[in-house]
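Just below sit the structures, each encoded as structure tokens.
Shared between the two complexes below is subunit A, which has subunit B as its partner in the first and subunit C in the second.
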Partner chain A sequence: MSTQFPVTAAPSLQDEKPTAPLMRKKRVSGASRVEHWLYLAPALIVLIALLGYPLYQLINMSLYDYRQAQVSGSAPLVFTGLENYRILMGDPEFWTVLRDTVIFASACVVLTLLVGGALAVFASRLRPWVRTVLFAVSLGAWATPAVTGSAVWLFLFDSTQGLINKVLIGVGLSGFNDFSWTYEKWTAFGLVASEVVWCSFPFVMVTLYAGIQAVPTETIEAARLDGASLPRIFYSIMLPMLRPIVIIITIQSIIWNFKVFSQIYVMTNGGGIAGQNMVLNVYSYQQAFAASLYGLGSAIGVIMTLILLVVTLVYLRLLKRNGEVL
Partner chain B sequence: MTTLETSIKAPIAAPARQRTPSTKKPPKNIGVNLIGVIIAAVVAFPLYWMVLSALKPKTALDAGDSTPWTLTPSLDSFARVLSVNNFGQYFMNSLIVALSVVVLSTALAFLAAVALTRYTFKMRTKLLIIILVAQMVPIEALTIPLFFLFKGFGDAIPAIGLNHLGSLILVHMGFSIPFAIWMLRGFVAAVPIELEEAAKLDGASSFRFVRSVLFPLVAPGVVACSVFSFISTWNDFLFAKTFIISAQENSTMPMALLTFFKPDQNDWGAIMAGSVIMTIPVLIFFIAVQRKLVSGLAGAVKG
Partner chain C sequence: MKFTRTLAVAALAAMALTSCAPPTSENAASSQDEATGTLRVWLFSEVNQDPKSKVVDDTIAAFEGKHKDVTVDVQYIPVDTRAEKFKAAFNDPSSAPDVAEFGNTDLASYVTAGGLSDMTADIEAWDEGKDLDPKVLETTAIDGKNYGVPWFVGVRALYYRTDLLKEAGVEVPKTLAEIETAARAIRTKNPDTLGISVGGASQFSAMPYLWAHGGSIAADNGGTFTSGLDSAESRAGITAYTNLVKDDICPPKTCAEFGGNASVQQFIAGQAAMTIGGDFNYKAVAESEFKDKFAVVPVPGLTAGSIAPAFAGGNNLGVFKSSKRHTLAADFVKELASKKNQQAMFDAMGNLPTFSDVQKSVAEDNAYVAPFIDTIAAGTNFVPITDTWSTIDAKGIFTGMYQQIVTGKADVETASADAAAAMNKIFEAK
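The block that comes next holds the complex of A and B.
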């Protein structure tokens, strides 16, 4: 098929090979001196070309006045320094989007952890076949592509044909006749959050459940004999022992939920009515590709990257404190 | 730490093995189990509703029929999807992109994981941290520079430029590799060093050892990691939307699905049928490797 091609074509753009630093290393026998760099090279070249270089370009572009005219070459490219950032800082819309992103992401994280955590504890009290069923359907939710998951939830909450409205009307809440869940800002965010929680709690549940199984039974038995209640056992014994796992899933959830794009884009049709359901991600995308403000869009992207970088650094610190070795 | 690791590798969906005889005998409380079944039903419901609505005749859906079953299943919606919008072509495109990404990124990540676990060298820890951080980079933020990068690629080699599947394959390789390395690292590290020494004594070259001994041994990890690459590529909506602008014939499924969304007159039957077609391959892959999943995740974060 003509669309398939050797991907090694890309590396030709990148002629720097990171072999140099090792040459200085002594005490390494001739053959094994470069061996590991040979194994590393292909992956590193792809990563430099497709992650490193674009990241550099993102920062670079955010410092220019880069719009449609500059892309087509009809206007000169002007270095404007931090002008794009200044525009953003003075734009109330940016602050609204930032605030909404934090609220939306936090809500998703908290709900995902609560639902996943509660079900992980609950699952250990179930009969094996019930638990197998619960895990199987949860894996189904987890595996569902974001776009199709969004489509199904949108259908369930459709104003006229959706099942949810019909059921609500059926139980006597006539106010839901033709009620549009995507019209109001926070019902729309709520709807998206429900879908996000639905497809991301299984990760938390499965990981935590595996962790709970690893907690020594003797400890729990002892606590139970001492008369500790189930929530007490959870908070005072399991949670401290599960700390490393809890940190990992929390940080992962923060990172994932901060980056939600498809669900917002599909369910609110590109950011909601008059952009009321924008999160940073969608905002950056729309500024760049809908408004052709590539410089401004890049600046938003940089801000987002910085926020996630801080989260990641916290993650690394916590891992280190837990004595993880890299 | 070791106990945590070993038990985390136990299959998740069949935890009732006699691994720890004294433990957690499931209480015979019917109420608790009933709630468990109800929760499972709630979680499964959106997927059930998707399949059901795809099978309902269009007339029933349009009439607002919301009975939770159908006595007259029809494949009309599937026929509509496949004929009207060239869904078959999009399905193939998605498959080509996803499978290419799986093969290429897993191969490169495996080799990199070997270098990062079985060799000690100065930059090792630094590289590992860089790779971990690379995972966190919001790929959506990189869409803008990547768009221009691939525009440039296209001027040189059209096959990897915008509007071609090559651009999607490359871009997803970039995003799959960091996680794949991180995940495979745990599996590669678990292979005892004695095996390598034995292979060396038998005169095998390093590459021979990696290919004929190491690779088969870490195959489970490779499978799990492939599934992750497959799913993230298969599900991609952002890059398909950004990169495939004018060449409709090179579009992928998420984009095709969106063409059914029309303000106020959505053809829900077709949307659900398209969703079913798109979800099934992922579901099959997921179920096939779900046992490896948790151990893979554990390997990815510990190792």
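The block that comes next holds the complex of A and C.
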């Protein structure tokens, strides 16, 4: 396909040339438009191959009764239209999982932003060597693979041998003797959420810290001379200037936390007692791979993609209305 | 503009042509039956690999000596990632082996996937085949056809600490009800010890309770299944088992999450007075610091002297449908699963043989396997032989039922009715 580019592109480039000086606008939509696409082509081809095709297959699979027997050719492949979606919509477990995922992900997003933001402000006021230590420590958390981090947290929060319970008992909270953090639904979610926040706040902190450093000191000095209080400086000057960064990290956090898999899978042993800690991504894995219901698993994947797309679009739209340009 | 449109149309056309349906592969039985060449074999890798490799290597040497121009290429694959490996082999037959070892609970889903070859004729023509334990051979059969040769069996029995039972003044339990009272007595005496370590997720410890009470997981009505979990007998079995996961025996906060391994680990760590463990756990227990203070008996039934039907776990050897050397592959399976080699595997690994006569002889020579062999002899049982069982298992419907009961989220009535309904839905969806 790529060999076609020059052939199609060259003549149109020639055609447009004479009219160029008079019709500037037209030139843009003609010759240089092709040029735009030419420049974009390598990236587009890579994107279509790596993102477009899998997404296409995901949607495609979700429209079939597609199980292991169909994949390996021992049963006929049947197009079932929206049947997989109908099954999902009629399954109360799906709705519970969806609700839990939304609550869990939202809590993770808010906590990550709060912790990361607070530490970023904190870091900008610290002595350089303290800041270096803080960053080095946080980067350690950031660099830890999710599975490793989850395993370490499980050790820390072990009901009998864990350090956390020992410390809590040590300070006189005897209720934590043999306290199981993974037994109750919401303590288990809380435990996983704290691990998720622990491994994702460094990104927020570093990014926001960079943003704070980029705020011109003159502006803040001017505000201070005008008699603005510290909170006022923060809300009226820092925050608006940091807004583009905040937008990006919020969207990224939403996407990341909505898609949490490893932490839940490792820390609650694949979804918790009687599946109480299931989130969408683990649910989709369970359906698609463990239970070999690839069609149904794909349908969950499509729904997740749609939800994230909508969330992102609505968020961008809201910001655009506020006159913000990314 | 025109170019963009052309590109878009071309891309769409390409997609439509290449794949208007998701990809599938062909797993038709090979029409070829070559007698020479390379025979590819997949076996599970073990924590302690050397003894297994030695038996297998000896078998290969003998097999290659008997068959001209044949080389056997063995690959050891990890048990944990077997699902991916086998699915990949079914999806791409050209990368599939000829012979493979697989867990007997996986058999039905592999057969439905069209991956395994019918071995009924091979077993019938095999002079040693008639001595295979019929109950165990049954676990390889779907619609009267056998899709594998049982290589070894695994059954669970009751492990107990002789010192702790003595200290609490209780006898070795002779019925299921006595297990509960003994366990409670021990924990009352020793509040830090689990009376019996069993778990909400250790399904193979729960099954003997279900079956001993006359219950069933599902009834096979000739190809279609109906869940039996909501019958009165099943409910009695579920109640008896979940009564063990109580604060005065095995507190749910600790035990609700236990699978089979975690339960046995508690026993090995000295935290439990009893557990339901497999013959495959024996070595680890015998190497623990309680090696002189434990004993094993079959899990008793409802009445003294009876034995609860155990789950017949174990692994089979089978031939892939896509193999171009079915006869040769089947010969290798028979060689590796022969009486001589099962005896060798028992000596090397402690794997229980699948031949009734070999089982008797190893039990006579090794006192410790007697409770397990007695359990097998008393009659074993199995999960429903249908590929839908792997879906039920993956969704955790069976274990989820026990976990809901022991955590107090649902009573036996509700949880068993829900589980039965969920299972029936999956059986019907087939």
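Side notes on the structure shown:
Everything that follows uses one rule, which is that the second predicted complex is superposed on the first by the 248 of 326 C-alpha atoms of A that agree within 3 Å, B and C clash if a C-alpha of one lies under 4 Å from a C-alpha of the other, contacts with A are read in each partner's own complex, and residues count from 1 in each chain.
As a working rule, a residue touches a chain if its C-beta (ideal position, glycine included) is under 8 Å from a C-beta of that chain, and two chains touch if they have at least 3 such contacts.
Computed from a predicted structure; not experimentally measured.
When the shared chain is aligned, no partner comes close enough to touch A:G175: not subunit B, not subunit C. In the superposition on chain A, contact is made by A:V311 with subunit B only, not with subunit C. In the superposed pair of complexes, A:L163 makes contact with subunit B only, with no contact to subunit C.
When the two complexes are overlaid, the chain among subunit B and subunit C that reaches more residues of subunit A is B.
When the two structures are aligned on the shared chain, A:K259 is found in touch with subunit B, with no touch to subunit C. Across the superposed pair, subunit B and subunit C both touch subunit A at residues 1, 4, 9, 37, 53, 57, 61, 269, 289, 294.
Residue ranges of subunit C in contact with subunit A, taken from their complex: 1-4, 6-7, 10-11, 15, 19, 21-28, 83, 87, 90-91, 109, 112-115, 200, 251-254, 256-257, 387, 390-391, 394-396, 399-401, 403-404, 407, 409. Contacts from subunit B toward subunit A in the complex involve residues 3-4, 7-8, 10, 12-16, 20, 22-24, 26-29, 32-33, 35-37, 39-41, 43-44, 46-47, 49-50, 53, 61, 64, 66, 96, 100, 104, 108-109, 111-112, 114-116, 118-119, 121-123, 125, 127-129, 131-134, 136-149, 153, 157, 159-160, 164-166, 169-171, 173-175, 177-178, 181, 206, 210, 231, 234-235, 237-238, 242, 250, 254, 257-258, 261, 266, 268, 271-272, 274-275, 278-279, 282-283, 285-287, 290, 293-294, 297-298, 301-302. Listing the residues of subunit A that touch subunit B in their complex gives 1-5, 7, 9-10, 18, 21-22, 25, 31-32, 35-37, 39-40, 42-44, 46-47, 49-51, 53-55, 57-58, 61, 119, 122-128, 130-149, 151-153, 155-156, 158, 160-161, 163, 166, 198, 206-207, 209-211, 213-214, 216-217, 221, 248, 255, 258-259, 261-262, 265-266, 269, 281, 284-285, 288-289, 294, 297-298, 300-302, 304-305, 308-309, 311-312, 316, 324, 326. Across the interface of their complex, subunit C is touched by residues 1, 4, 8-9, 12, 29-30, 33-34, 37, 48, 53, 56-57, 60-61, 64, 66, 68-75, 77, 79, 159, 178-180, 182-183, 269-271, 273-275, 286-287, 289-294 of subunit A.
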